[in-house]
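My structure is below; once you've seen it, I'll send some questions.
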Amino acid sequence: MATATPDAPPLAPAPAKRPPRRRGRWTPYWLLLPGLLWLFVFFALPMVYQASTSVQTGSLEEGYKVTWHFATYWDALADYWPQFLRSVLYAGAATILCLILGYPLAYLIAFRAGRWRNLIMILVIAPFFTSFLIRTLAWKTILADGGPVVGALNSLHVLDVTSWLGITAGDRVLATPLAVVCGLTYNFLPFMILPLYTSLERIDGRLHEAAGDLYARPFTTFRKVTFPLSMPGVVSGTLLTFIPASGDYVNADLLGSTDTRMIGNVIQTQFLRILDYPTAAALSFILMAAILVMVTLYIRKSGTEDLV
Amino acid sequence: MTSTDHGGDVRLSGISKTYGSFTAVHPLDLTVPQGSFFALLGASGCGKTTTLRMIAGLEEPSSGTVFLGDQEVTNLPPYKRPVNTVFQSYALFPHLDIFENVAFGLRRRGIKSVKKQVEDMLELVQLGEQARKKPHQLSGGQQQRVAVARALINTPRVLLLDEPLGALDLKLRRQMQLELKRIQTEVGITFVHVTHDQEEAMTMADTVAVMNAGRVEQLGSPADLYENPHTTFVANFLGTSNLIEAEVDARSGDEIVLRAGGGKLLLPEARCSAPTRTGGKVLVGVRPEKISLTHADDAGDIPAGRNRITGKIAATSFIGVSTQYVIDSPVCPEFEVYVQNIDRDARLAPGAEVVLHWNPAHTFGLDADQDIEAGVGTVDEEAAV
Amino acid sequence: MAFVNSIGRWLKSHFVVIAGLFTLGYLLLPNVVVTVFSFNKPKGRFNYAWQQFSTDAWRDPCGVADLCGSLSLSLRIAFWATIGATVLGTMIAFALVRYRFRARGAVNSLIFLPMAMPEVVMAASLLTLFLNLGAQLGFWTILIAHVMFCLSFVVVAVKARVMSMDPRLEEAARDLYAGPVQTFVRVTLPIVAPGIAAGALLAFALSFDDFIITNFTAGSTVTFPMFVWGSAQRGTPVQINVIGTAMFLIAVLFVLTGMVIGNRRNRQKSA
């Protein structure tokens, strides 16, 4: 299974017929080989298997055969377009919320925290060490029906507005789109804060003074100097948030209802419960293609090519 | 160390280095005698550092051989050569303290009891107190001394210094120049020093090789290079030179008579590095501080037998010890003259007509086929980086 | 009026601080809840509503069937996945920074793509591979998957460190009589070590906390996150909160101790 296919020449350099002229010529290939082989066999090759599975027909009992049955894709799209749409909307909303919530905190750590900087950094990272499933379950308690949060939102008539918008239902927050987006935002917020902080921290504090010296008000300074300079962080932060959020099914499952199912939920159920492998593979393939196209366009547009 | 010991000689014969189609160093022959302080001087990218790295073994020559004394080391890896380097920006190991940095070479050669040696060496560079600090806790000058100590403790046959003072400010650099010179005299090891700073090369080295575009342009003592440059590059790179295009008119004894503009100039034949056919072109050079400036009204007082040129003062700048004049002359549009501020002639202001004159013995002659501007400004560019 | 104005001005100049602390609160609130509810004594099977204070769960953290078994399995998988990903990733990082080789673009994309792919896609495709090969799902398939998705993160962490290392340091070592092996052990490795440690720590955290990919590749094997997932359907024991709280506290203590030691060492050095 580890044979090199023609499209992967760097993985397996042709064996040297004569001893190499200089020591170290093959060193990079030996260093790369095990890791890339691993990625090739367990990342790239599975994509091929998945593509092949998606055009197979058959049943679990009789086995599957490649019949180039592309209709699976159309059926999958026709059946599950609402879940696709929901994934993009929820992930998009969570990404924007992460940016709005994460930017002030990243800014605070980078420029205003002083000697508290390390402590705040620890507090941002430390929750990672509690399993994210446990933390997501805690939102069930926080957003519980009749709990203090829901009570407060209710008495401020916020829930009336959100219900009218269709993102909550009645006086419940749990099992609504709001709860799912809230959970997604929470789960991926650190992935927004850390790259934002990294790019903000590189900005020379004197630039703020220079902008102020050149008649820019604080907000103008932010809009014309700080924010543009933090763009690399914004780009990688939004990518690191949007991509995993769009494929997530944990938040929709734990905090949502059957009306908030995202595409991840569908793939998971098709694969692990219904065992309809072709449909699941097709859905996963569509998700992958959609993400790749979106990411490529986004990176092109924002002009940050060197993210690795 | 005696002068008959050749163990510390560095002999390069025909070494060159090419990267693809780019030639960093053209085939080069060079001998650095035991115990001398040798400087490779040139602008960035001239091949001086590559040459040094080939001696250290960090770069493999494309052709040629490297000898240390009688031993050929061309194919020896750096860790087997009795040569040590003081790197540009020092390359002190950030994870080791000063003591361990200095002890590094001894330990790698399997020497067990290093304490005494390291302490003595740290005393020599006056860093005994700092032994347990990390490099980043020291000042630039202290780091520089650690780098020297770390190399010298191995008593190499040759010490290579790659722009060792480049990162220091002017005052500290002056101080370290003297310090390095003192250490070199004390230990008697051959020093090969790479620098782009002509003043540094001239103050420290016994012998300077001026490099340009992968070749050695001229080799000699600092005074020799300055007083009698053989190429326009050396003339312009080392200090400032006024170069005039002239035509060979005749010879009289040991001197060549040249015509430039309307006047005549004398040039000692021994100081001319160019072929001198009658009617042929030669570049005549003279250093700005060798020239005297006399107001045109007093031209009659100038003694006979001196080279003279007339012109008009275009600009003056007063810099304390001297005043620098730029003279607009028919033979050379921007003639520079430095005059010591002993008796200042108030008439020498911009616009004044003047006569420039100097002793013909200070004149030098260069081949007129060269670029007259070669080496101009290269030093300033480097300094600005 | 002046009072209102001055409040307004105070809010304006401290807007960033207030908004930042709000976000910090949002991030930490669930941990507070997890901690508080680790002292709960729930009535039913689910630990979502506060009933009464109790330290029962803290006194018997392994009192639920399979919980500590799954925890130890997760730790074992995270340990081996960290070692595998760190070794392979470090090798790749060195090759990328230090050597020239062909098809660099293809190599870079193969490393970048796993980070730009939703987990569920990698999980689903890996499962098709395992199904097609007829592999027995369990410890080994989980480990394989974890090494795969941790690898790229290690590469990024180590690569940054190797890139920022002055190549002259290694030249200096070679110049000072250190052969290739000595140079690597005495100079390169110690200087790159923080990058490798960061990559390893990241890999451990990613592997230990991974649910989606594990869910697809585990078969009937139960890691700690899968135990929590299962309990979300069947009933959440308080012990989950105990373990979550303990891990949080251990992590914070660990980091704080490291910081204190680091500070003290710096102070001693500069004194």
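Think of it as A, B and C in the order they're written, each chain with its own count starting at 1.
Keep this in mind: contacts are C-beta pairs under 8 Å (C-beta built on N, C-alpha and C of every residue); 3 or more make two chains touch, one makes a residue touch a chain.
In this text, all values refer to a predicted model and were calculated from it rather than measured experimentally.
Each chain gets a centre from the mean of its Cα atoms; the one farthest from the centre of subunit A is B.
Chains A-C form the pair with the most C-beta pairs in contact. Centre-to-centre spacing of subunit B and subunit C amounts to 56 Å, using the average Cα coordinate of each chain. Mean C-alpha positions place subunit A and subunit B at a centre distance of 59 Å. Averaging C-alpha coordinates per chain places the centre of subunit A 16 Å away from that of subunit C.
Listed for subunit A are no residues, as none touches two or more other chains. Against subunit A, in their complex, subunit C makes its touches with residues 15-17, 19-24, 26-31, 33-34, 37, 48-49, 88-89, 91-92, 94-95, 98-103, 106-108, 110-114, 116-122, 124-129, 131-133, 144-145, 147-148, 151-152, 155-156, 205, 208-209, 211-212, 215-216, 224-225, 228-229, 232, 236, 240-241, 243-245, 247-248, 250-252, 255-256, 259.
Residues of subunit A that touch subunit C in their complex: 1, 8-10, 27-29, 31-32, 34-36, 38-40, 42-47, 49-50, 53, 101-102, 104-105, 107-109, 111-112, 118, 120, 122-124, 126-142, 144, 186, 189-190, 193, 239, 243-244, 246-250, 254, 264, 267-268, 271-272, 277, 280-281, 284, 287-288, 291-292, 295, 307-308. Those residues of subunit C lying in contact with subunit B across their complex are 166, 168-169, 171-179, 182-183, 186-187, 190-191, 269-270.
Interface residues of subunit B facing subunit C in the complex, by the touch rule stated above, are 56-58, 77-80, 83-85, 87-89, 91-95, 104-105, 108-109, 132-134, 137, 150-151, 154.
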